[in-house]
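In what follows, chain A forms one complex with chain B and a second complex with chain C.
On to the complex of A and B.
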């Protein structure tokens, strides 16, 4: 009978095989090279096509257009938020008729393109000039800017109503019951307990909605509003210089990315108490 | 045979056929088919819109799937490359993407031709440009949906695939993708509805879709409100039809789930 007298000394784990070149790495380098190539191409287009006169001529117009875009988006978000309140409450109401009306509004505005809505308001309502003049509303529907604002407000109100409704309904029943058990009135319970929790849930969708609105606001350029996109189209039609679109892309990307980062910061700040 | 098929299609044409929608209108109303009304032109626009959306969908889904795979890979560089793609195309307005693709591809082809000594003005097909631009936008959004669906599939599924001796590709095809479809379907349904609406932008570069055709009709007949209202109505009907159809797909995808 043999007895093991000598144990094999413990050995370190075998070194992990390091495959330096995986297919993923190759694909990554390929794609990154493509991005770098495009970036260089972009830079070369800008450097080669640099024209001081054009820059001085269209630069201020771009900034002006940026201002128009920002004010249009800001105003339509705020006004849309106000309009979305009654829609959201009608959507949650017990009343069958109110509910159906609100649902119809939301459904119609969410499933037709913003472009068609804008055309319907600007060109469509614009064709009722005599009637509008008698009512005294022609000054409103004559201006493309106002028509753009109206269609954006109507559109974003439908989206925001759904966001608000979803957020309010996401607050659990227990919160309502707890508030009732404490003897709080419905109104106070809503304002102090339900709404703060709902708004935290709604924060991220609201951010997405603002981003969608910034992107969607480019359509007003088609009805002759000189927003950022409109100025870009103007500059392109004058110079036939492809750079104009690239500059617009830079502006839009900067806006959206800035908003995303600000929103992420706000969200981190407001949800500090929820972190463990 | 082909003559028979053509006859069958024209008989079943939902707009201008014998049982078509616009045939309900009389010969001299605005929506009638034929020379008097705008029914056939608008029907053509509807077909263009639907075919553009249907042509974009598989391309966008395929690119989106690849981007989602890249975004969840172990390789840092690959994640970076995918991140750049989604950041750019989710941040740009669809209209601007369309213009950049439309004019950019033209300029690219022209400059390539110029290096070979051919000086010629090239105009690319608006349908193609629209398809590329919409596919790019659709893919950057669908990659996000597919990525979150990937994250919802537990690691155990991959490990079980390994334990059964399946190769990576087989695990993906037989185990992961069927579950992925089920999880991602609601998000993709949403994206399809958005895509359907985004096709309206191609009217700006001259493709004869619903908005453009109704716009021409509006300008000629001076009945702008009526025709743009019809355009909105058509989009509404398309959205309803597709959510109805996708409801069936969703039920089909959920057939293996336990009933509760």
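On to the complex of A and C.
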């Protein structure tokens, strides 16, 4: 047993460390200054280049394009989520054939560029018009918008299936065993115990996937869809003003920023039982 | 353009005008072209640039006694690339239009051919009137006078704009669009080729001076009038000395220069 016999007298605060000028700090300040300079230039171009006529002429078209982008991405994310369910389960299945098929699907769609997939669907399948007409699908493949939607759904389903599979497999075995010990059927255990925990894990990757889709969706402009990028290209082709691309960047930034806030809110809500 | 480059430009223009008439300062020129617009300019599989525009450009350079090198650039970005000095002149069948004149300075035309409309061979279309094209889908290359033509004269048709001519050709061959609008020479060459056997020329379209402008000219950066004038003089020279006719006969069996 120890007894404190003597108190240490109060000590003065430690001397402040001298902030030395190191090459790293100089470089960092230089880089920051460069960024600030570029930001000011950017702001100045926007202010100087402001043109009421252009704004009135192309502004509504931009909003239109924004609508097309949002509907295209929204629909493809939802439809892709539905399609990703069977793929994710096939990936986890014991059946070798099912497993290989799902693996092949994910492998192909994750390792080829979205643009190539879109071109193959739009121009490649488009060259089978007589065959598509016989099976009554030409109305679908005739429209660039549908072709864009299809390629996005197929692409995002591959990514979402992997997100879902990874999240489900990340839930520990103990959860399965505990549910079984309570006498819950596999189905109920999956829906009430495994999936809610998996979705918390999957939330951020899902957010990333949507962000990537929002930006990736710009490729449809190449196949004549007037999405946000399509309208931008149109405005640029008429004005030769590179600010049109600056405005497009602002719109994409706003979409991603809004999504980031929504995701932060959902995460706070879903994980409130984990906070003390 | 910042102040120093502006000053430099002003100074060089002043210097040029001092030397006007004598041998000019410009020895080397970089010419920009698209390389995807046969028979006017094509980048062949072996990397050679060929076509009417390219041969005319070479003849003009020879006439102006300057060495020229060629650069290909996407059509969408060809004017900004000129402005940012990637090259000094565009010789790529660029129509002299009021919209473009705000951005660049043109020489006088070196050819002028009307637009036309091509349709699939089994098309039910009988004529190219706005009424009969109502509700149809028309393709054209984006940022071209032809795309503006479609939007103005066939406002009731749906316009689909493609990055290059190759893509609208694919799409009409696939039967996705009801017609395409482009230069009559380009379309004629294409329907004669194997890739264009799907389609036929429906009819030429009347020239709209507001949209089609005064024909195709050489574009240089805005304000470089001295260079544009040199090109204009060189065009006149090769037309008189027979070089122009020689090049024209190599590609076409009719006069592409149009009215005086």
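As a convention for this text, the second predicted complex is superposed on the first by the 253 of 276 C-alpha atoms of A that agree within 3 Å, B and C clash if a C-alpha of one lies under 4 Å from a C-alpha of the other, contacts with A are read in each partner's own complex, and residues count from 1 in each chain.
We take it that a contact is a pair of C-beta atoms (placed from the backbone, for glycine too) under 8 Å apart; a residue touches a chain by one contact, two chains touch by 3 or more.
The structure displayed is predicted, hence computed values, not measured ones.
**Student:** Considering only touches as defined above, state whether A:126 meets chain B (first), chain C (second), both or neither.
**Tutor:** Both partners.
**Student:** What is the contact status of A:182 with respect to chain B (first) and chain C (second): first, second, both, or neither?
**Tutor:** Once the two structures are laid over each other on A, A:182 reaches no partner at all.
**Student:** Looking at A:40, would you say it contacts chain B, chain C, both, or neither? Reply first, second, both or neither.
**Tutor:** It touches nothing on chain B or chain C.
**Student:** State whether A:242 touches chain B only (first), chain C only (second), both chains, or neither.
**Tutor:** both
**Student:** Who touches more of chain A, chain B or chain C?
**Tutor:** B
**Student:** In the superposed arrangement, which partner chain does A:224 touch: chain B (first), chain C (second), both, or neither?
**Tutor:** second
**Student:** After superposition on the shared chain, which partner residues are touched by A:142: those of chain B (first), chain C (second), both, or neither?
**Tutor:** It touches chain C, and chain B stays clear.
**Student:** Does chain B (first) or chain C (second) touch A:28, or do both, or does neither?
**Tutor:** first
**Student:** Contacts for A:234 in the overlay, against chain B (first) and chain C (second): which applies, first, second, both or neither?
**Tutor:** The answer is second: A:234 touches chain C but not chain B.
**Student:** Take the contacts of chain A with chain B and those with chain C, and give the residues found in both.
**Tutor:** In chain A, positions 123, 126-127, 222, 236, 242 sit in both the chain B and chain C interfaces.
**Student:** Sort out for me which residues of chain A touch chain B in the complex.
**Tutor:** 22, 24-25, 27-29, 31-32, 35, 108, 111-117, 119-120, 123-128, 211, 214-219, 221-222, 229, 232, 236, 242, 245-246, 248-249, 252-253, 256-257
**Student:** Across the complex, what residues on chain B touch chain A?
**Tutor:** Residues 70, 73-75, 77-78, 80-82, 84-85, 87-88, 90-96, 99-100, 103-104, 107, 193, 197-201, 203-204, 210-211, 215, 218, 222-226, 228-229, 231-232, 235-236, 239-240 of chain B touch chain A in their complex.
**Student:** Which bits of chain A are touching chain C when the two form their complex?
**Tutor:** 123, 126-127, 129, 142, 144, 222, 224, 233-234, 236-238, 240, 242
**Student:** Under the touch definition given earlier, write down the residues of chain C that touch chain A in their complex.
**Tutor:** The touching residues are 76, 79-80, 83, 99, 103, 139, 142-143, 147, 160-163, 167, 170-171, 173-176.
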